[in-house]
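Two complexes are shown next, each including chain A; its partner changes from chain B in the first to chain C in the second.
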Partner chain A sequence: MSQQDAIRRRKRIKYFLIHAVLLATAALFVYPLLRIFSVSLRPGDKLFSTDLSLIPAGATFIAYASLLRDTMFLRWLWNSLLITLATSFIGVSLASTAAYAFSRFRFPGKKAGLILLLSSQMIPAGMLILPLFLMIMKLKLMNTYLGMIIAYSVSSLPFSIWILKGYYDTIPRSLEEAALVDGTSQVGAFWRIILPLSTPALSIAFLFNFTTAWNEYLVARVVLFSAKQYTWTLGLFELQGQYITQWGMFAAGSMLVTIPVLCVFLYSSKWLISGLTLGSVKG
Partner chain B sequence: MEIIRSILEVTGFIVLIAAGVAALVGYLYTHFKYYDRGWFAWVALGVYPLLALAALGAAGLHPHSALRSLFFASVIIYAFFRYVVKGRHTVPYLLLAPAFVGLALLLVYPFVFEVYLSFHDLKLTTIMMWKNTGSIPFVWFEQYVKVFTTSPLSEVSFWALLGRTLLWTFSNVFFHVAGGFALALLLNNAIRFKGFYRTLLVIPWAMPQVVAVLAMRGEFHSQNGFVNIVLTKLAAAFPFLASLGVGPVQWLSDYPLLTCTIINVWLGIPFMMVVILGGLQSISSSYYDAADIDGASYFQKLRFITLPLIKPVLMPAVTLGTVWTFNNINVIYLVTGQAGGTEQADILVSALYKAAFTYNRYSYSAAFAIVVFALLFFISVTYLHGFDAAKEER
Partner chain C sequence: MASVQFKGIVKKFKDNLVLNGVDVDIKDHEFVVIVGPSGCGKTTLLRMLAGLEDITDGEILIDGLRVNELHPSKRQIAMVFQDYALYPHMTVEENMSFALRLRKTDKGEINSRVDEAATILQLKKFLKRMPRQLSGGQRQRVAIGRAIVRKPKVFLFDEPLSNLDAKLREEMRVEIAKLYQRLNATIIYVTHDQVEAMTLAGRIVIMNHGIIQQVGSPIEVYRKPGNLFVAGFIGSPTMNFMTGKLSLQGETLLFTGGDLKFTIPSFVLHDAKKHDGREVTVGVRPDDVLVGRTSDKCSDKVEGVLEVCELLGHRENLYIKVGETRLLATVEAFFDRSPGSAVSLCFNYANMHVFDKATEKRISE
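Let's look at the complex of A and B:
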């Protein structure tokens, strides 16, 4: 009896410790987000206080109001949205057909193509910014949406092809064969059967393209130079400039951008992670 | 009004792309259909480049050397269909063509262009000449020599950057894996609120990176940052700590690399945690039951069951993580990139970005990029080779 009690007590201590460590780490991980929230609620005269409480004394939404009124924040969001939607649309359309070719056909150059896709992930991202920047300059597309869309459109293409190929591979061939027997063409079978069936994978690829372009900063920094054309990443960076930090507005903008992204990510993370590991494990 | 104009602009562009894709597929389709007719060679080599040139002209572009490159492209495509494909594999090639052309124009061509740049001299003083005439001085290996002899920024040398990059990569990946592994082990117990903890712990990864890094940068601010506020309060509350030197620190100017590392560790742990947790959950509990019967200790189970069984999940994640960390410009640029920023935290890739866009040394940066790429390529090949060898052994 007493031995059982000892075991139970030891178990209880163990679980208590696990919860304590997890809670402490979780608090540490979430704290920066909570602090942005708290800063965004501060009244203007207390922005630089060293107060650490979560809901500051005299909390107001004044920073949000002045962000929307005095800066071009909504315009920046709109620019980001247009650029991102266009790139994701182009990227997913190109990837969906290419992945189908890789998944269902044998043709000369297939293996080389797949290796090329994988090894393109090895190219340092920062390396291609310079030639892309010069190309965009030469095409006179600096400071335009089109320049940004061109620069972004293929950056997630290899990855999207890879996820979609993995998903197509799981769809049984007999479905298409039945359709072919019934008289559709190969392309018709792809359009009417494979695409509708792979909506989950297509939406994950879309989401991946979307988040990559939505959060991109380095290309935008060099292609866009007038505040009217900024994406929100540039806008926020500007608000947090070295010497004149618009701390409250920066925090308010961050909250407005982060909350939807966080919701989408938490909702979709399961599939995103399986796609990530699928792509790398199968290599 | 402006909103409508911007929508029209972007939609028009997408329609243009769609038209381009349709034209491309139609062009290739005729190749599949008529590749062996005698008259087709003349159409493919003569008419198509002219049609394409007319289309480019109509789109308002003035291609200087477009005719030559279009002609070469036609020759290659024609020969490919005439002698290699011979009318087979129509569907896969047509399906692949748009993505292939996109990658060729926006991934392969820029890469080749970068190599071209690295043998020429494009900088602030020659860029106007290049814009107007399209030619720049050819300098052989001068840029490559400069990469190793002069600083990409104002004083730090290539070798210092290389050492810093290796230090940065190893310390980050080490802490990512160690932290992620520890958290995954804790989460893998039968505890309550597991989903809740998991959700909270992935938040750094889920936040937009720009927001996360800029917010953390604010927390390291010398007066208003959380870290220094806590340090000040600690020093005030416990005088003996203050006498040991605990107190506010100028994080961003005195220890920029350490600051960046802390921020990046915070950002990177959740990914590793999620991947490792997935691996842990797929291990069947019967292994542990058998080990319990044999009387194995906790660490023996960890060493001889858990580690070998999550290796297939861990290795690709570590490889990816290493490449990502090596190439991470974002964190370092966002923390140190503003006017008056320091160069003491720069690693190779962020230095090449700054050399190009802060110092406008384009060709130098191109040569630098090629060197970094060769280095990364070499490391990955040796690494993958070792990985394969380890696989063979099992």
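Let's look at the complex of A and C:
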């Protein structure tokens, strides 16, 4: 009996410690967000107050209202959303097919190609600004959505290919072979069998593409130059002047831009549950 | 249903020759089992027939039609894979109807075919379940059901029972035999398990190192193995082999190998003079090593020492050492001797096999 009690006590302590660590980590991540939220609610005359309360005295949504009314924030948000969604869909489509080829077919340069893709990820983003700028300029796509979409899609492609290739490698080939015998083409087997089974990896690739494109600043700074075409990252910096920065609006904008990312994360979380291939082969 | 012909099939993976000129004719409605050890090329041969593997040389004909370049789906074959290969994102019903839906078969027809197959395989209760919710045996049934609904010309089974436990394997073996009687289909079945081959096959194709060793009915390959490999591969427990030399003593042939010495009568080896001085391997199945008894068609007595007894229930395995040669004899239980005691044994001439030592080919009748 006493031994069982000891085991139960040890379990309880372990349970408590795990939750303590989880709560502390969650607090660490949520706290800055709460501070921004607090700043966004402050009235204009209390922006530099050292008050730490979450809902400040005289809390107001005036910063949100003026951000939406007096600036082109909604337009910037729309630009960002358009570019990000297009980038994510194009990026995932290209990566899923390229990764399939890398996973399933033998061709000259396969290994070199994979290493090249990986090494391209090791180049700092800043170094790619100039080549990207030259490329987009030569394509006459400066200050356009298409220019941004191309720049973003290609830069996140290597990561997506690696993620998807790794996942495809775990799907037994016999599933495709069974589909071939059942009457699909190779493309059909990919479309009907491999893609539906790869939703966890596809969601990760989609999320990566989405968050990277959504938060990107450097490339946007170089490619876009008219305020109408700005993404929200550029737009928010418009609020920062030489003599005055509108911190209230800045914080309000920061809060609003987290909503789409949050929605995408919540929606795709159900697809992230892997283990879908369990039970397909062997017992 | 259909006939299948393999003509001079060669398969190379880079420099590795996997199949070297395979010729087999499989008749309509025949149940052929291709058996051989791992890496002998049997699965590759099956995959080539299914269209999942390129053919380096030779041709495959289904119903007289060359299918070398035909897409797998156009060959009118259905395959049951070793690992079942059920689509994990589809229910049992969707798995079974997948091929028919691809062909845009009429819905009513699909339902009746799935229903029929599910009834045969006792899967009706599981139609709405996902593969991960099924046991190994049930998954195997679904894989077979998926093949049945297509009504193919040829069924291909690639080691379908190798992932099941012993009891389930036995049950499924009986199920497959019953299924064959019911479907009366052309079935090509690949396995490394000679028990499956013996029990299921109408004809067995035995392969080793990419070459066909023998083709024949189970009883033919058991009673008259064409070479040393087949003799050792077919039959459980495996055959005893004794190597030695033949010499002519008057009119009869005498086999001498270490401490073993016995005559070989003319009904086992004709034309005694021809074999004088020949190096041979003599094969005798454990059932034909008679311990402590004689028969009129039995060799001269040989004295040995009993090493180990293994009681199997109704039978008993006796490991006996004769000089340097170790022999296995299977006798009725219970053999009333303790290990270490001397036993006398003889070999049943009726089932004695003699192979040339150099060519390993059968030379006895």
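Of note:
Keep in mind that, in the parts below, the second predicted complex is superposed on the first by the 224 of 283 C-alpha atoms of A that agree within 3 Å, B and C clash if a C-alpha of one lies under 4 Å from a C-alpha of the other, contacts with A are read in each partner's own complex, and residues count from 1 in each chain.
Everything below uses one rule, namely that a residue touches a chain if its C-beta (ideal position, glycine included) is under 8 Å from a C-beta of that chain, and two chains touch if they have at least 3 such contacts.
Nothing here was measured: the structure is a model prediction, and the numbers come from that model.
In the superposed model, A:Ile194 lies in contact with neither chain B nor chain C.
When the shared chain is aligned, chain C comes close enough to touch A:Ser174, but chain B does not. Of the two partner chains placed by the overlay, neither chain B nor chain C lies in contact with A:Leu67. Of the two partner chains placed around the shared chain by superposition, neither chain B nor chain C is touched by A:Met148. Touch counts on chain A: comparing chain C and chain B, the chain ahead is B. By the touch criterion defined above, A:Asp182 reaches chain C but does not reach chain B.
Once the two complexes are laid over each other on the shared chain, residue contacts for A:Phe250 go to chain B alone; chain C is not touched.
Looking at chain A, you'll find residues 276-277, 280-281, 283 touch chain B in one structure and chain C in the other. The residues of chain A lying in touch with chain C in their complex are 172, 174-175, 177-185, 188, 193, 196-197, 276-283. Across the complex, chain A is touched by residues 3, 6-7, 9-10, 13-14, 17, 61, 84-85, 89, 91-93, 95-96, 98-100, 102-103, 106-107, 109-111, 113-114, 117, 122, 131, 183, 186-187, 189, 191, 193, 197, 199-212, 214-219, 223-224, 226, 229-230, 232, 266, 269-270, 274-275, 278, 312-313, 316-317, 319-320, 323, 326-327, 329-330, 333-334, 338-341, 349-350, 352-353, 356-357, 362, 365-366, 369, 372-373, 376-377, 380 of chain B. Chain A contributes residues 15, 18-19, 21-23, 25-26, 29-33, 35-36, 48, 50, 52, 78-79, 82-83, 85-86, 89-90, 93-95, 97-98, 100-102, 104-105, 107-108, 110, 113, 120-135, 137-139, 145-146, 149-151, 153-154, 157-158, 161, 186-187, 190, 214-215, 217-218, 221-222, 233, 236-237, 240-242, 245, 247, 250-251, 254, 257-258, 261-262, 265-266, 269, 273, 276-277, 280-281, 283 to its touches with chain B in the complex.
Residue ranges on chain C touching chain A, taken from their complex, read 50-52, 71-73, 77-79, 81-89, 98-99, 102-103, 130-137, 139, 146, 150, 163-164.
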